[in-house]
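Multiple structures follow.
What follows is subunit A paired twice: with subunit B in the first complex and subunit C in the second.
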Partner chain A sequence: MKGDRRYRLSPLAVAGLRKLLEFLALLGALLTLLFFLLRVTGDPALVLAGADATEEQIAAIEAQYGLDKPLIVQYLNYLSALIRFDFGTSLESGRPALDVVLEALPVTLQLTIMAMAVTIAVCLPLGAWMGIYQNRASRRVASLLVFLAQGVPGFVAGLFMIQLLSVQLGWLPSIGRGGVETWILPTLTLASFLIPKLTRVISTRVSETLGKDYVRTALAYGASPRAVLWRHALPNALLGAVALIGSQFAYLVSGSVIVETMFAWPGLGWQLMQSTRTLDFPLVQALAVFIAILVFAVNNLTDLSFRFLDPRLRDSGVRR
Partner chain B sequence: MKAPPSRNVLSVRGLTVSFRKLNGEYVDVVRSIDLDVASGEILGLVGESGSGKTMVGLSLLDLVPQQGVRSVESIELSGADLSGFDAKQMQEVRGRDVAMIFQDPMSSFNPVRTVGASMVEVICRHQRKSRQEAEELCVDALAKVGVPAPRQRFSAYPHELSGGLRQRVMIAMATLNDPPLLVADEPTTALDATIQAQILDLLRQRIDQRGIILVTHDLGVAAEICDRIAVMQRGQFVETGPCVEVLSRPQHEYTKKLIRSVPSFRRPYVVARDGTRVEAGQPLLEGRDLSVTFSSRGMQLRAVKNVNIAVSRGETVGLVGESGSGKSTLVGALMGIHRPTSGTVLFDGADVATLSGRELKPLRRRLQLVFQDPYASLNPRWTIRRIVGEPLRAQNVGSNNENEARIREVLSLVGLPEDALDRRPGQFSGGQRQRIAIARALILEPEILIADEPVAALDVSMQAQVVALLNKLQRNLDIGYLIVAHDLALMHHIADRIVVMYLGEIVEEGRAESLTRSPLHPYTTALLSAAPDPEPGRTLNRVPMRGEQPSPLDPPSGCAFHTRCPIAAARCREEKPALSQHHDRLVACHYPGDLRLPNAKPA
Partner chain C sequence: MILLSRQLSRARRLSAAGRGNTELVAGGALILLLITLVVFAPLLMAHDPAASNLRNRLLAIGAESHWLGTDQLGRDIWSRLLAGLVWSTTAAISATLISLFIGAFLGLSAAASPGWPRTLIRWFTDTVIAFPGLIVAVCVIAIIGQGWLPMVLTLGFLGWPVFARVTYAEALSLMERSYVTSARLQGVSRGSILLGHIAPGVMPTLLAMTAFNCADMLIAESALSFLGIGAPLGAPTWGNMLAESRQYLLRAPWLVFAPGIAIVVVVVAANLLGDGLTRRYRQKGPAPLL
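Now for the complex of A and B:
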């Protein structure tokens, strides 16, 4: 029954392969859906040719981009090109779609990573503080504020910040990407998407962890409250936070569409917005592929780091 | 008995612990108790759940939960009065002058740190030692409590150790700073009887000049190792005295009732079975040559191996064994929860495996299940009416009016008042909840009832009530019971037949009194000698059983028990003994009856 041992993969490799296959299947489904959805929303030739184009001009454009062929043929051409990693040419700019995406990718990465860093820098201390001092009045006030903040949509917070810091006070530019001063507003806006939620999760985790039996054990053996917090409660509480951070990365990427559009940042989100508006099919599809890969990669890195951080997941649980 | 204690390690006067209720009032969970522990003495703090015994232990360390308030006249520990100590001073005391051993050694260790790191932290908190020295001390301590390969175990994570090993590590950790007082809060409650016996012996060995407070709900455990006992009820000591004295001549009514409720091999149980015991008749539920194998990651776990078992109407079959012996899997196979890998399950002569879902449904009516934990097995959002009536709805029987009448009838049968109908599980005690669970199982008038540890989660007085109920129902309704339990003393009183399992196989089966009086398989003998018994005056000679149950993933060759058997011979390692008739018993041993109970009279 048992397979030849030499050809057996480690459980981790098997799990990884399965994940990858799942992802490829999901990606295929996504691209198929996207292909047909985009085709029903409008004719890109009309957009490209402009409002006062003649029939002949439109037909010429359709022929140039292969838009005159039957839909199923277009679909098959598109798939076969994809397998060769050929994303086609952007209808709008005439440049290879891949080039546009690879230019936008670092911009978005920079924005999300900075936003994530700000989020963690705010949420960890704030959440831990709220988790420890459950009964203080100041904590109750903070908790109420966080709760209210969670109800404010991210773009409203962004508009508010633009109004205050850019329009009223004139401290920061509200548009474009350049020096450090242009990074501040987009980063803060994107961070504000996640801060309330993560703060509340960390706070709950910390207060739960402080009620655990092993915290009582540490106290019963003379550990000071500070040692209990740093050595026992926080490491365990943060395990849960890591999982949340990973799963929320996708949320940040979707948030970056809003933020990049608001601040005219030339990242994936902004490109996605532009290309959808102009029905630039090849570019939309290329962007979708890369955003999917990005989210998949981050989620799996989180899973991996979780395996590394939590000894219970590190091995098969065989007792020594 | 040891020499009279020379000095007190601990003297507590006027200890009160109050809890603030939601309405702002205070309720005393411990009421002005006095307490002395002498050097070299084990004091047992015995009581049922809610008696306040755990709070006494925690309040010595000033660790009562936040909503609690401790007030005390004096706590003298080795001459120093702790009652006036501030938070900083108490931190110094904890782990150095008093160390605590907690109940559940899994949740009591930090899961993301190695047990070694936790131990080193305890040393470095109180002694000036380098990491290297601390590590050596820890490995030493682990060796002293009988942890095999201590240096490897030092760097193990809690989940990598078995329950018994974790509790040994906990005891090692408690003794690291050589504290004069140990407080052990239910240290063996989460463990199997044989492991419990090992841990109790270990506590006894490690006492030296220390004092130990053993908090326990189990009078049997207290009887095993305590020198003195304090019986607690509603926050007060109702009776205190030398262990043997209290157990053999209890003065207080509550103590008497408590002792009566604990099953013992050597006196009648508080719930007497009337009439003679039932001889097994035509079996109604039968497992023939049942095997259940689980596969995971290419490994095969043979949880149940070629087991034959039968239950007929009106009889009680007790299924005993340590955790991991395959009891629950066997029950699952009989219930149709696990599909047997080989063998057949017959109900009333019909092979259950060949029946379709529709044909099975009427059979399910005749076979019902009661679970161990009445806190987890009842939906907290449903009313009792809905919970008890659910099987009727699932089986689509009766009109609404008929069903309402049926629910009321069944509820009165298990002794619950009618006004219980519209309440929810949260408003009932553990014992009452188990009655509700039994009512739910009875409403379809089953012929066989399978109960997985039906009383293990209950206090002894509640246990007795539930057992009495089960007896009455069996008498009136002629139900056959298959009861899974670890408490052999209880089985001795309520079962007609006992089946003993070890590593997925039946090792001995026979009539209850005969099997518990003169066990033939060494494993049965060891289980019996490990079972705590509240009757005083029992010799402490246990059958020495080495180590723990081997992993069912890698069972030993020959007789599966040979690795722990005190009388194993060369033959046992090579040749597997078959389950065969021996006197009135079925037993799987090459040398049946060679290992006697240490305190049994020769037959």
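Now for the complex of A and C:
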């Protein structure tokens, strides 16, 4: 290949394009899976029309969705509609599926961002403290508690918190979305999905960093332990740790499905549960596509921002 | 006599493995206890877990003949907990085994075949791992239906990437070892190197991962039931019990705590076992707990 300078892309752009292509391939695979599962497991017209539809309604649905055409034509139509962001109308409400999704998106964003903030605020100091003081008795107690907390699934932690903070003590509402007081329990519940695991990871990372050669060298040159800790060890250890939090976003989105359903927050996850329960497939597809886009965007934005924060990653290819 | 001494030495080796490895001993003991409960569950149930008795609704813990109380339909909670234990552990283990086999197969294949198969498998693994699994599970189960088998299959077919990734990384590093090189130089075929030398070397890591993964699958399974799409409604599973308890938070808090604590016990047991196995087989395990 002759390398024409003008057409050579930066490694970052190549990595970005590759990621985008990979994402589109995954999205296509997911939608293909949903399409064929829906057709293999039953008559989609029946599913789309709902359980108590009349013969005419089923026939109308069949004509509307082109279900009388061959399978391959149906599949191509389906894909081309999705590429044009035409998700159809919600069967339950009759509104465009896209509108319903865009209405739910801010709710999920609010919940996940708040939970992320709480997770970082708890995990970074706690994990760093546990990583620095390896041999203190209080650290050992803390790490035992973190281990036990890791055994409590997020939704169980949420139910326990509802029982304690809202039923027994009456401090917080147990359901719904309104003022700030209704935000606390959902945020804490979603944060509890990640806090134990991340605290453990950060503490290992900090203690590993403290054993690195450059730390020993700095200490040998007479730098005070405090300066070494704050100037060298912690920034290095925490940078990687924060990048890890970004990569856990997909897990957080899975958690938000549970939390939104628990607290009746009308976000993407709540809508997804509602629409699968009523078999509102146009809406399910729209939600699945948007959640996929959201996760992809967040993963790659955190990836990108750490490329600029961490000089070692700058100009490197795809980070694995 | 030989058999006895062999067994004795095996017991001695086991106890040596346990020494200084609190996690392994505690986790192993808890898991043994849970296995006993699963095996003898039908005998230990004081009542039919599905039998409702409206005269005994919402009895508190310590009630006569219902030591963990009863739920909103007067069903015995202890019996329902046992039934849920059988349901959840069998589901978690089956789903984990499906993931393990798919993951180990793909991981070994990727390690053994450089070129496009490896690229393809690694790409597939990376993309599936980056996607929120619960969302896919919800969509798939909504289409194929609820129940034990659909749930196990869905979870099993979504959970393999972690196994594939670790198997691939471990197998690749084992291939650099001199005993593998010497086997190759002696003309041992690629297939038997893979199955006879690489696969056994990957096993210890996979064993520990299997324990952790069982815990994750159990959490996923009860979360799906809690959302109302895993187990059929009314079936005695922990997720269902937790979901049903939400209407009786004020009157019957034990309806939350009984299944909630049950899940925590099983997950902690599996995590302990996983940590213990990791420490047993690798020098560089997680820091000891105590």
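Quick note on the criterion: the second predicted complex is superposed on the first by the 275 of 320 C-alpha atoms of A that agree within 3 Å, B and C clash if a C-alpha of one lies under 4 Å from a C-alpha of the other, contacts with A are read in each partner's own complex, and residues count from 1 in each chain.
Following the convention adopted for this analysis, contacts are C-beta pairs under 8 Å (C-beta built on N, C-alpha and C of every residue); 3 or more make two chains touch, one makes a residue touch a chain.
This structure is a prediction, so every number in the text was calculated from the model and none was measured.
In the superposition on chain A, A:K212 makes contact with subunit B only, while subunit C stays out of contact range. Considering which of subunit B and subunit C touches more of subunit A, the answer is C. In the superposition on chain A, contact of A:A128 is made with neither subunit B nor subunit C.
Residue contacts after overlaying the shared chain place A:A237 against neither subunit B nor subunit C. By the touch criterion stated above, A:V253 is placed in contact with subunit C alone, subunit B being left untouched.
With both structures placed on the common chain, the touch criterion links A:L188 to neither subunit B nor subunit C. After overlaying the two complexes on the shared chain, residue contacts for A:A220 are found with subunit B alone; subunit C is out of touch. Residues common to the contacts of subunit A with subunit B and with subunit C across the two structures: 320. In the complex of the two chains, the subunit B residues touching subunit A come out as 61, 63, 91-96, 99-100, 102, 104, 107-114, 118, 121-122, 125-126, 149, 152-153, 156-157, 159-162, 173, 297-298, 551.
Subunit A meets subunit B in the complex at residues 2-3, 8, 11, 212-214, 216-224, 227, 231-232, 235-236, 239, 309-312, 315-320.
Against subunit A, in their complex, subunit C makes its touches with residues 123, 126-128, 130-136, 138-145, 215, 219, 222-223, 226-229, 242, 245-246, 249-250, 253, 256-257, 260, 263-265, 267-268, 271, 275, 286-287, 289-290. By the touch criterion stated above, subunit A contacts subunit C in their complex at residues 22-23, 25-26, 30, 33-34, 37-38, 41, 134, 140, 143-144, 147-148, 150-153, 155-156, 159-160, 162-163, 167-168, 174, 200, 204, 207, 247, 250-251, 253-255, 257-258, 261, 272-273, 276-277, 279, 284, 288, 291-292, 295-296, 299, 320.
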